[in-house]
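To keep things simple, chains are lettered A, B, C and D as they appear, and every chain counts its residues starting from 1.
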Amino acid sequence: MTTRTDALPTQEMTINMGPQHPSTHGVLRVILTTDGEVVTRAVPDVGYLHRGLEKIGERVTYAQFMPFTDRLDYLAAMNCNCAWAWAVEKLAKIEVPERAEYLRVIVCELNRISSHLIAFGSYTADMGAFTPFLYGIREREHVNDLFEMICGNRLTYNYARVGGVSGDAPPGFLEKTKEFLDYFEPKIDEYNNLISYNKIFVHRLANVAVIPAEEAVAYGLTGPNLRGSGVPFDLRKDEAYSVYPKFDFKVCVGTGERGTLGDCFDRYMVRINEMRESIKIVRQAVAQIPDGPVLAKVPRLFKPPVGEVYFRSECPRGETGIYLISDGSVNPFRLKIRTGSFVAMNIFEKVTKGLMIADIVAVIGSFDIILPEIDR
Amino acid sequence: MEALAISLVNAVPLLAGVPLWAVTLLLMVVVAAVILVFALTFEGVGSLVLRKVAGDIQARIGPNRVGPNGMLQFLADGVKLVLKEDLIPANADRLLFKLAPYFAFVGSFAAFVVVPFGVGLIAADLNIGIYYVMAVTSLVVIGVLLAGWSSNNKWALLGGMRAAAQIVSYEIPVGMALIPAVLIAGSLSLQDIVRSQSGLLGIFGWNLFHNPFTFFSFFLYFTAAQAETNQTPFDLPEAESELVSGYNVEYSGIRFGLFFLSEFGDMFIVATLSTACFLGGWNVPFFNAGTLPWIWGNLFSLGVFLAKAFTMVLIMMWVRWTLPRLRVDQLMRMAWKYLVPLTFVNLLGVSLWLLVFKGKGIPAMIASLFG
Amino acid sequence: MGLKAYMNDIVEAVVTTAKGMRITARYGVDPREEVTLQYPEERWEIPEGYRGFLHNDIKTCTACTMCVKTCPVDCISLESVRGADKRMVLASYDINIGRCMYCGLCVEVCPPKSLKHTSGYEMASVTRGELILHFIAEDAAEIKARVARQVAEAAAKAAEVAKAGAQAGPEAAEVPPSGTAEAAGAQASAKTAEVPFSGTKPSDVSSESAKAPVVEPKAAKEGENKE
Amino acid sequence: MEAQAIFDMLKGKFGDAVVELQGEGFSPAFVVVAPAEMNAVARFLRDDAALSFDSLMCLSGVDYKEKFAVAYHLHSMKHRHAIGLKTMLPRENPSLPTVDDVWPAANFHEREAFDLFGIAFVGSKDLRRILLPEDWEGHPLRKDYKYPDFYHGIKV
């Protein structure tokens, strides 16, 4: 294409997208510099939801911090609860009863399903199809019912405890879980028929914001965002924490089936496929769950030994790493939470160069960011 | 209209003393008022139906609190829109900002004039009917563009620009897809087009089944018209998840209401045009409503026409709640690379068909085979 | 783009759209698929162990302050005085449910299991003060005064008993001769009147809390009404 | 590769710049490096074929009361091993070379450490406050941080 120099002089436009924009998934602010509809630069501005969780963590005890992890990623609070519990247990070398680990895996994977349902739903809503969003919400409600049954709350679960879980599964919980899985499994095909392979939807996502594998690794992407680039890295397999090694499941990676490997469609598809794998894991866990206690003996005034530990677990939005420094007192000395969405925002500016405004929305949705996790 | 006025004067001796122009004017006002009321009612009911359909499709219930089963929700919405404060942004171009909604509303409302509701139910049977509809509905784009520009809001501006590009592009396939019906009827008048589809062939007399090209024309028209009315796969000008709400982001109260109404008006116009041009208008299979007494024939044909049009509206809503939105470059590509060439090919096909088969459609030919 | 790819594109678009529309149509016509719960009329079944509003059964509460210590957001405040029988007597027990995050940690640590989650979840108020649940209707100062009186009486009685004992037998001479019973009682009351523990008071609403009504019975009733 | 082996390798390459190995009680073990050599060590860790730490999992600032520290958690996608890097900084004007040219992932983490600890990363391509407002005073995660009473006249 030749560029004409005698053309009408034009000016770039700066648009403020967010923090109150319907499809920035919360209070993300993006400063767009556009040439018409084409974005020349998109700078993310985060921090509107900063609550200083890390500072709070230094002032409360290890057990008291558990409810705060609910607020870390409110769509996957179970995963965050368990990540915190695992990190503290790794620090203090606490043996957790096996039944508790199984329950944790069950709730984590159910939460992964519900979180991916929101990711799927809000993504399609961003793309203009509102109906799948409500279907996603409808299915998520069943997961919420299950969680309400096991821990008493629907959003901020506070279920895991240092040394186990807060309570055993009530009678009927495992049966209901199985029922839900049977009900839910065919729905994934329905989603695929309804929207995933819809021509318009595919066109919107394919070849948009392609992230090659090396770049994804260098930028520290994790979780579905990394696997969407074709890197088969899943902490459940590679770190093999908890009882995950006992289950048979596949690591879903992007295949570039409708475009280039590592585009938005691959990241989206990884999530859809991961729901199937989570169903598999929950089925196995429900079948194998042993009897026994669910909470190890942990002293009420819990003081872990002096030390530093970094624990990473696979949350729906990527690796949630907890760097925990203990000085031997009842409070953590320093705690840093590294989250998948925070890292994903780092690559945002790079991949959005030259896209259109509508694609910005597609990219935000494909990373499945959640703001409390970014700002902490 | 004047002829109607003369017959009215003849029928009602009371009016004999009144000058003819006054009667005509009075008649015009009455007809306009009737159509306005109809349009507003339709738009109100349409918005209710839209929400109900959305609820059904999305496994919800939809509005059900105002009135029995939520039937009066549209009244509540209307009252809310009228009573809400009408805000004008400080930096807006006040004149254009106030003017824009009227353009949009007039554009969609004026098209109702030539809608053939029944055998004799048409406000003005213009001999350039289709052309007129195309022309006045284009006024909407001026309103939208003005709204986008005068709001002094970047999102609104983007929405307005998108709307302008979109509607201007899609006028071409819309027009081209309607021409087959004009060719078959040999007239631009919508009433003539509807009449050309009557006859004893039943639904096979409709232009939809005239020949394969008209069949495709219908779908091409429907697709392109979805885009012209900013319906969902093509709702880029408002695109609430991208442009927040597009061109009407700064509007509130009754001014927003006018945009809202014009959107539904457009929807209905598209439905009526596709009904009149492809689905036989007020024609009923194997029955000529024109043979009935005037009042019954009109009522009957009105019912048939509205049933067909509402079915089309429902299908539009169904599409709207199923599909995601296109990107702006894809939208343009779809218009210029797919719809425009296809409609031209179609037009060529229809023209050749009419030339070769002397204006006869497939059903007519089959019927003539059987005598 | 060849003609074949061009036509394929069109066919694929039509087919995938039709597929999607079939699914939405199925939901659209099937009323059984509607999942909306008509909330105020219909309610969902609250499972056992639901973490609703907190309720403290003050009869069994031992004022041990475990709940106050464990609360991550400091929403519980209690005042207690040492009673005549050496037990702690609650003077006030307030929960600011506007601040509570329903984490359930306090319920878990409660030794007499007097603090419980009810199944109540509905509450609206116009002032923040109304969001503070007062579990003891009586004024804290009154209770403190009463307890102090009781303690004094008990001390007086004890002293009397001791005096009687001293008069009865010579071995009772060990009773400290100095100080009359009244003086001992006054001393004791002065000691107990100091509040041994005062929980954190919800600071931002403390001024409003005085005029707030007692909402505890209502919350409990709401919980029962769920069935 | 084990932490001890990595430490020995780094010690051989960088000599005195590699201070000590923090093994007991640390998971993963930390290799403590002098701040000036940080970038070179990072580059070596990434580029060496036997190490190839291609991903930076986490970068955190730490306030050890008498000293600041920056802790790096590295992971190798190729060899699937992990190591920690740590560098100690003085409390006055803590600064060290950036590693965002080695791992682009470092940028946001460095901005966070700059924001919450006031640690300057020299040579960073974009070092602004990230979570707090641009005009916020102080660095809240420092142990000696005093909570402000007001921010722009609003009670905090």
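To be clear about the criterion, contacts are C-beta pairs under 8 Å (C-beta built on N, C-alpha and C of every residue); 3 or more make two chains touch, one makes a residue touch a chain.
A quick note: this is a predicted structure, and the numbers were derived from the prediction, not measured.
**Student:** Taking contacts as defined above, which has more of them, A-D or A-C?
**Tutor:** Higher contact count goes to A-D.
**Student:** Taking the mean of each chain's Cα atoms, which chain ends up nearest the overall Cα mean?
**Tutor:** A
**Student:** Please compute the C-alpha centroid of subunit A, do the same for subunit D, then give the distance between them in whole Å.
**Tutor:** 25
**Student:** From the C-alpha centre of subunit C to that of subunit D, how far is it in Å?
**Tutor:** 44
**Student:** Taking each chain's centre as the mean of its CA atoms, how far is subunit A from subunit C in angstrom?
**Tutor:** Taking the mean C-alpha position of each chain, the two centres sit 34 Å apart.
**Student:** Measuring from the mean C-alpha position of subunit B to the mean C-alpha position of subunit C, what distance in angstrom results?
**Tutor:** Centre separation, subunit B to subunit C: 61 Å.
**Student:** Show the residues in subunit D shared as contacts by 2 or more other chains, in ascending order.
**Tutor:** Residues of subunit D touching two or more partner chains: there are none.
**Student:** For subunit A, write out the residues touching at least two other chains, lowest number first.
**Tutor:** Only 131, 138, 194-195, 198, 200 qualify.
**Student:** Going through subunit B residue by residue, note those that touch at least 2 other chains and give them in order.
**Tutor:** 57-60, 321-323
**Student:** By the document's touch rule, what are all the touching chain pairs in this structure?
**Tutor:** A-B, A-C, A-D, B-C
**Student:** Help me check something: in the complex, which residues belonging to subunit C touch subunit A?
**Tutor:** Those in contact with subunit A are residues 9, 12-13, 16-17, 19-20, 23-24, 35, 44, 47-51, 70, 72, 101-105, 108-109, 117.
**Student:** Can you list the residues on subunit C that touch subunit B in the complex?
**Tutor:** 9-10, 17, 20-21, 23-25, 27-29, 31, 33-36, 38
**Student:** For subunit A, which residues are in contact with subunit D within the complex?
**Tutor:** 46-47, 50, 52, 54-55, 90, 214, 217-220, 231, 233, 238, 305-310, 312, 319, 321, 323, 325, 334, 336, 338, 342-343, 345-347, 350, 375-376
**Student:** Contact residues on subunit D for subunit A in the complex?
**Tutor:** Its residues touching subunit A are 22, 25-28, 30, 54-58, 60, 62-63, 71, 73, 77, 80, 84, 103-105, 107-109, 116, 129-133, 140-141.
**Student:** Going by the contact rule set out above, which residues of subunit B touch subunit C in the complex?
**Tutor:** Touch list, subunit B to subunit C: 53, 55-61, 64, 318-319, 321-323, 338.
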